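Listed next: structures, encoded as structure tokens.
The same chain A turns up in both complexes below, where it pairs with chain B and then with chain C.
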Partner chain A sequence: MDVTLAQAALPREISLSEFLFSAELWTRDDGILDTLVDTAVLCGAVVLAATLVAVPLAAYLAHHGRGEIAVTWMVTLSRAVPTLAVAALLVPVSLRIGLGFEPWPIFIALLLLALPQIYINTYAAIRGADRGVVGAARGMGLTESAVLWRVEAALAGAVIMTSIRVAAVQVIATEPLRAFLGGDGLGRYVRDGLGQNSPSQIVGGTILIGLFAASTALAFRGAERLALPRGVTRLSSNAT
Partner chain B sequence: MIPVLAQSAQPFFRWSYLIDEWDQIQAALLQHLQLTVLSVAAGLVLSAMLAATALRYRWTTTPITSFTGILYTLPSVALFALLAPVFGTQAVATAVIPLTMFTLLILVTNIIAGFQSVPGPVKDAANGMGLTPTARVLTVELPLASPLILAGIRIATVSTIGLVTVAGIIGQGGLGRLIFDGLNRRFDTPTIIGAVFSILLALLMDALLLAASRAATPWTRRARA
Partner chain C sequence: MLRTFARRLRVLTVLLLLTLVAAACGGADESTDAAATDAAASDTDASDAAAAPEGPTIRIRGQDFSESATIAQVYGQYLQAKGYDVEIVAPAGFRAEAVAGLQNDELDLIVDYIGGSQTELAPDTETSDDPDQVIEVITPAYEEIGATVLEYSPAVDGDALVVRGDSEAETISDLAGMDLVFGASAQCFERPQCFLGYTDPDIYGIEFADTVTLEFGPLLGEGLAAGEVDAVVWNTTAPQIEEQGFKVLEDDKGLHPAQNIAPIVMTDVLEAYGDQLSADLNTLSAAITTEDLVAWNVQTDIEQREPDDVATEWLEAEGLN
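What follows is the complex of A and B.
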């Protein structure tokens, strides 16, 4: 597509092991490592932004039992609005206002993918926090904000963190679209492989995306274990 | 074809394109619908078998649901690209196989939930009336499970319409092809048409299928009222 991309393209007849295990390909400028970091930064920014907006907003509204209708909108939004269509629609807009192909179109599209799920799950989890426990916390004289952040949020923590993990994995699985929208990221190997008819690049790129998604999921699971209060973990493991 | 214009001279949306290229848009819409229907139909057949296995042999439920869950997290772009060298970029299978895989999670989950929502006493009553197991499943359990199954079909259809556009990377994908055609030519109109039409198609199908499933299961509305 671009001159810069053509320069970085790999030879067509590269083998899969060469692609995955060549130190030079990993460490060179704009190599696999740089591409991985590039992808990680974008995905991390999307998930972080989605979490920072969705969790406090959903928690606050759920605590006060407001905005039930917004959840219904979010459900429709998350299902009916396709990531590619949103990103593709934003590309001409972004070009016109001088922001270029990247990263805003794909960032906003991925945000629309991640945010509704985290919002819906946070809302449901806070609403679903054991009323007895919440009542007891009020009875003990906790302020309303302490009830929300120290009791309801703690009880809902497992569900919220799971929804962030699921959203993160989906963002990573969808981010390769970016390579087909004038950007780069790990999807570039899939794109170049498709363009050059080089299956080893497609397979290699897919393996990289899969490994990145799997290790992100594992890291989140580890973080869930560390971050959740032991009592909550015990509660949820008893429940299942 | 339309000459590629300089970016600055190009209007954001060229209305005449809608009329001039209507044949192409219509063909794209048709292919979009075909891929969607094929994928959801194939997904429904596979899901019915998987859900039946899960319901019949309880221990298979967790492996089946986690398997479909993993399928759902696979990157769509990579699946289309992986199958392209196998079947060829223009083969229907290259587009339909990944799309079918993505429908399984929603369909299997909803079919299982639908049949599990049938109250035990209802099944007992059906048995007591002397229905054979097959007759009980088809005439008693299936209708009672149908609201959740229909909801699953609706969600799967709507999300498939969105995913079909991704098949544009291999030159298929109905409206997705318009999207990429426009991006590659730096000509915004087809991109906008492809994106807007696919969103509208998703919303339209959502409304249609919702109306159809309400009509098919009138008791769900009566119960709510």
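What follows is the complex of A and C.
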């Protein structure tokens, strides 16, 4: 019975402050906190997977000056493919092969959103690394992989991290779609609010999503400051 | 303020989707419009011989899902064939927009599900599985906006708790103790005639192992077929139920409200035509059955045919045009 009680809808007349500030709603089983963690885990997995695939691949290809056309194609495709359509098309497939509503359809759809974004920027940043510095590194006798990872990647680091941050924010802002495809996550409050004509849930859910996206962006900025080599930070602050 | 905002938001979403759909099938739309005008033209030609009823134009509009669109076409084309001056407006919105259409003098005739009308117009009243009791509630509610509820049809499109065909349950009561996963749209989880009624110890008292919120529509069937959910709330005339071999459980405690379809006409229009309009509409309502609704939905949703063609064919087969 506990499960069904927890799953029953929030009252439609709930006020916005009740929704946002009730400790019980946050901490109960399957409450806002659980939902937030659920969303964070999915989005984190997507961004991590996108980064692990896109950054090394783009860096390697850019270093060797290969795959320019692929980049052009990815720019076009990433703008043209709607995440909702991808996820909605994948749900029946996932159901038929026994993988359920979640998490694969929404994971793949979000990956397709984040991956091109990170790939394109990494590629452009590595290609755009100061040729003089790269030439000097070669002249000092660095190996090719050292040139790539210790010079080009370091110079491109700021741009790459910015692209990961932007991708993370996009993923968080798009993840609520999953609530409309048999899943949950923070979008559930928007979905339930629309279904039950309950504005506080719609607005409350939107605020939660927005705050989560904003704090993620801030956390990334902090991490960028800590992670980038001091020399590079100084370089880019001189440049701007 | 916020409530209207929510409604606007919903309308906006619907509009956005509509634009996408319209963009995707603009070509098809044009041809069906042409077909509709052709049909209308031939209908009026054929009935010129009979004494054409005199009165104002009757504007009818279906809600924005295929069953309601077909019903609007059936009523509209039927009246056209009888010589009434009818304008069949393209389907738009849902129940709230239909009622608003009557109030704003955009529409003169709508056809709604009576239990749905009750939750829209008198949300705090007790629902019933007896259509006559529902009519008693909605008749005065519609009178307040100057509309008259005519006789309801035997055709019903009600809520249905649906399970897979191999389930041992025959009635909703049988589900108690089966530890099933329950799936329904968000609205269901706060309605006494839906989730709250199924789990209420004084009514069905079912304990579900888990619940999943699913958008209303084909996703319900996909989830059921895949075994992700074991019981879903659908509507009785969903064509996928038969196509995928699902089973509608008997509502043995009468929880679901009666959902017969009934025409609702603006009273001034009804009076302008005298008794003839209500008599004609009642004849049509009596001729439509639940099986007809299912058959229409199979044609529109599974065979992808246009509601106006489906309506024309049915009226011809029934000899009503």
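Here is the rule we use: the second predicted complex is superposed on the first by the 233 of 240 C-alpha atoms of A that agree within 3 Å, B and C clash if a C-alpha of one lies under 4 Å from a C-alpha of the other, contacts with A are read in each partner's own complex, and residues count from 1 in each chain.
As a convention for this text, contacts are C-beta pairs under 8 Å (C-beta built on N, C-alpha and C of every residue); 3 or more make two chains touch, one makes a residue touch a chain.
Everything quoted here is computed from the prediction, not taken from an experiment.
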Based on the shared chain A superposition, would you classify chain B and chain C as clashing or fitting together?
clash
For A:Gly193, select first, second, both or neither according to whether it touches chain B, chain C, the two together, or no partner.
both
Quick one: classify A:Ala173 as touching chain B (first), chain C (second), both or neither.
first
Touched partner set for A:Gly205, first chain B, second chain C, both or neither
first
Looking at the overlay, does A:Val81 come into contact with chain B only (first), chain C only (second), both, or neither?
first
Touching partner for A:Pro229 - first (chain B), second (chain C), both, neither:
neither
State whether A:Arg12 touches chain B only (first), chain C only (second), both chains, or neither.
second
So in the superposed three-chain picture, is A:Gly128 touching just chain B, just chain C, both, or none of them (first/second/both/neither)?
neither
After superposition on the shared chain, which partner residues are touched by A:Asp184: those of chain B (first), chain C (second), both, or neither?
second
Run through 39-47, 57-65, 129-137 or 183-191 for chain B and report the one that clashes with chain C in the overlay.
183-191
Do any residues of chain A touch both chain B and chain C, and if so, which are they?
1, 91-92, 95-96, 179-182, 191, 193-194, 197, 199, 202-203
In the complex, chain A residues that touch chain C:
1, 3-4, 7-12, 91-92, 95-96, 98, 100-101, 179-182, 184, 188, 191-200, 202-203
Please give the residue numbers of chain A that touch chain B in the complex, ascending.
1, 76, 79-86, 88-89, 91-92, 95-96, 169-170, 172-174, 176-177, 179-182, 187, 190-191, 193-194, 197, 199, 202-203, 205-206, 209-210, 213
Footprint of chain A on chain C - complex, ascending
2-3, 5-7, 9-10, 13, 185-187, 189-190, 195-196, 199, 207-215, 219, 222-223, 225-226, 228
So in the complex, the part of chain B that touches chain A is made up of which residues?
7, 12, 73-78, 81-82, 84-85, 155, 158-159, 161-163, 165-166, 168-170, 176, 179-180, 182-184, 188, 191-192, 194-196, 198-199, 202-203, 206
